[in-house]
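Okay, got some structures for you below.
In what comes next, chain A is part of two complexes: it sits with chain B in the first one and with chain C in the second one.
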Partner chain A sequence: MQPELEITLPFFILITAWLAIVAKNLLTAAVALTVFSFLMALAFVSMGAVDVGFTEAVVGAGVTGVFIIVVIFKTARRTQDRSDMRFKYLKGLAIAAFGALLIYGSTALPIRGDADPPMNRPISLIGSVNAASYYIQNAYKDAETPNMVTVILADYRGYDTLGEVIVILAAGLICFLLLRKQGRQREIQR
Partner chain B sequence: MQSFFIYISVILTIIILIPLYRVYIGPSIYDRVLGAGSIGTKTLVLICLIGFAFDRFDMFLDITIAYAVLNFIGVLAMAKYLNSMRGKNE
Partner chain C sequence: MRSRDDSPIVLIVSRALCPFIMLFGAYVITHGHYSPGGGFQGGAMLAAGVLLIRLTAGSQISEILFKRSWGTPAGVSGVFIFFAVGLTAMFFGGEFLNYDYFFIPTVTGPMLRSASILIIEIGVGLAVMGILVSIYDDLMEEDPKRGDI
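And then the complex of A and B:
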């Protein structure tokens, strides 16, 4: 990613995430989440992970935004906003500790663009054999496809991808059945 | 030329603040959906500029077209649903 974009884009991502949290109107929060997903997809694309960015745009910006709006309109609000003020400092302490733990863990990650990170070496840090180095060395020989990610997803893990397709088809069918117009049934019930 | 595209992309990223303000303030839901749509449009141009920065504009142009379709479908789906709910709530 370019260093200039690397500074400005996360700033906007943080702004939209904050908007989605603090917005009192639920529809505002839903639209802010859509914008968040679009900017997140842009960040993925600018890092070169085009497929991940595309998935984020389809699922986050397209489907989830529409579904959240549909759910807001289909359901009724029966409770009031009332925050539980007990253990306020304890909750804040737990969240801060978890954030500190995540930041501490992220310091051990390899630098982005590193050609020789520990997980791509033939032998991992604890002495076992790494799968990633096998994929890097043999992906082209096994499948004759230039893109390594495609080989792993569609060839080595082909059955896994088939299962994912079935899950996505089931989810799409369920959404279609839930959201279709139920005009005739309503007429009969009346 | 590279740095020119990068500065343009940074300026476009800062311009996103204007529709973001509309998303936050916007009195009606229609303003918010329109603001989200215009942010999506800016995202398209930004992906094109990133393609120039990576020097693979042909691949990124295809992605941009798919993004444009997605953005259009998303706004259209929200607008269609809001239109169908309008008669029942008001």
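And then the complex of A and C:
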């Protein structure tokens, strides 16, 4: 943990997030969103979640940016929407209340770097057996794989990973069915 | 869409970078047991390597690297590898995706689970790479008259 990084990163994350929302030129917004993803990846890595940071850097800052820019070139460069000014103060109050709720909830999270947080104890607070403690103790014995995250993702939680891959396949097939024109054009030409 | 500027500098730099990006992607997939990463991240990096050439050289030239018709079959075969591992374990007497019952000759115990994880990661990487490239190709699909991006 680097204190300088921890202080400066949220500042830049907020700036890029704000820029991605308010920019009228959509290309600017896309680039700001990409930078936001990369800074989030840095924040994840500085918190010790290296696998999550890697995924965010590759998907958020790499591939998603390309997709968004392609869609912008295909459609319109500038945003057309006008902000709706009705119930302005009510909306602001709702957002502030939700933010306060999130901050209140975050006070109950365990301190980062805590060696004995409740979710990693062998017995949970309600008296049942905790899965996380089993994973930590037995991941290397079960699969001879030093990276515990890989064992959890591919072995213990194999169903989850299978579901994720099926979701990605469904997204790809939907794009295929909606956007690909070649077959349809060929039929029209006949 | 605007016509593409044929900048030789961008083309040469991306041609030089692409093999290294794809090699690092393959490394991330196969080395997920020991370092951060795995099938998803590695597959996305392989797709990024293909997309870099797609963006700079246009879809005509980049067909040499990865044909447009390969994307969806690669994605489906990746998911099929995942299902095949699970169903093989089921066939040899275990539950679905219980790698203790997966069958590789002369490999037993924890090493069997490790090897099964490697096969799963390769399947996930293939699926993610194929589908990301195929989404890009579907988005870029356009009438042949108007030329390239």
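We take it that the second predicted complex is superposed on the first by the 155 of 190 C-alpha atoms of A that agree within 3 Å, B and C clash if a C-alpha of one lies under 4 Å from a C-alpha of the other, contacts with A are read in each partner's own complex, and residues count from 1 in each chain.
The rule is short, and it goes like this: contacts are C-beta pairs under 8 Å (C-beta built on N, C-alpha and C of every residue); 3 or more make two chains touch, one makes a residue touch a chain.
Everything quoted here is computed from the prediction, not taken from an experiment.
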Dominant contact partner of chain A by residue count, chain C or chain B: C
Chain B versus chain C as contact partner of A:Val165, first or second or both or neither: second
Which superposed partner A:Ile15 touches (first chain B, second chain C, both, neither): first
First (chain B), second (chain C), both or neither touched by A:Ala32: first
Partner chain(s) touched by A:Phe73 [first = chain B, second = chain C, both, neither]: both
Which of chain B and chain C A:Val58 touches, first, second, both or neither: both
Touched partner set for A:Val50, first chain B, second chain C, both or neither: both
First, second, both or neither for A:Glu4, with chain B first and chain C second: first
Which of chain B and chain C A:Asp142 touches, first, second, both or neither: second
Touching partner for A:Leu153 - first (chain B), second (chain C), both, neither: second
Chain B and chain C footprints on chain A, overlapping residues: 50, 53-54, 58, 62, 66, 70, 73
Complex interface listing, chain A residues touching chain C: 50-51, 53-55, 58-59, 62-63, 66-67, 70-71, 73-74, 141-147, 149-151, 153-155, 158-159, 161-162, 164-166, 168-169, 171-173, 175-176, 178-182, 185
Touching residues on chain C, where the partner in the complex is chain A: 1-2, 28, 32-41, 44-45, 47-48, 51, 55, 71-72, 75-76, 78-79, 82-83, 86, 97, 99, 110-111, 113-114, 116-117, 120-121, 123-124, 127-128, 130-132, 134-136, 138-141, 143, 149
Of all residues in chain A, those that touch chain B in their complex: 2, 4-5, 8-9, 12, 15-16, 19, 23, 27-28, 31-32, 34-35, 38-39, 41-42, 45-46, 48, 50, 53-54, 57-58, 61-62, 65-66, 69-70, 73
Residues of chain B defined as touching chain A within the complex: 6-7, 9-10, 13-14, 16-17, 20, 23-24, 26, 29, 32-33, 35-36, 39-40, 43, 46-47, 50, 53-54, 59-60, 63, 66-67, 70-71, 73-74, 77-78, 81-82, 85, 89
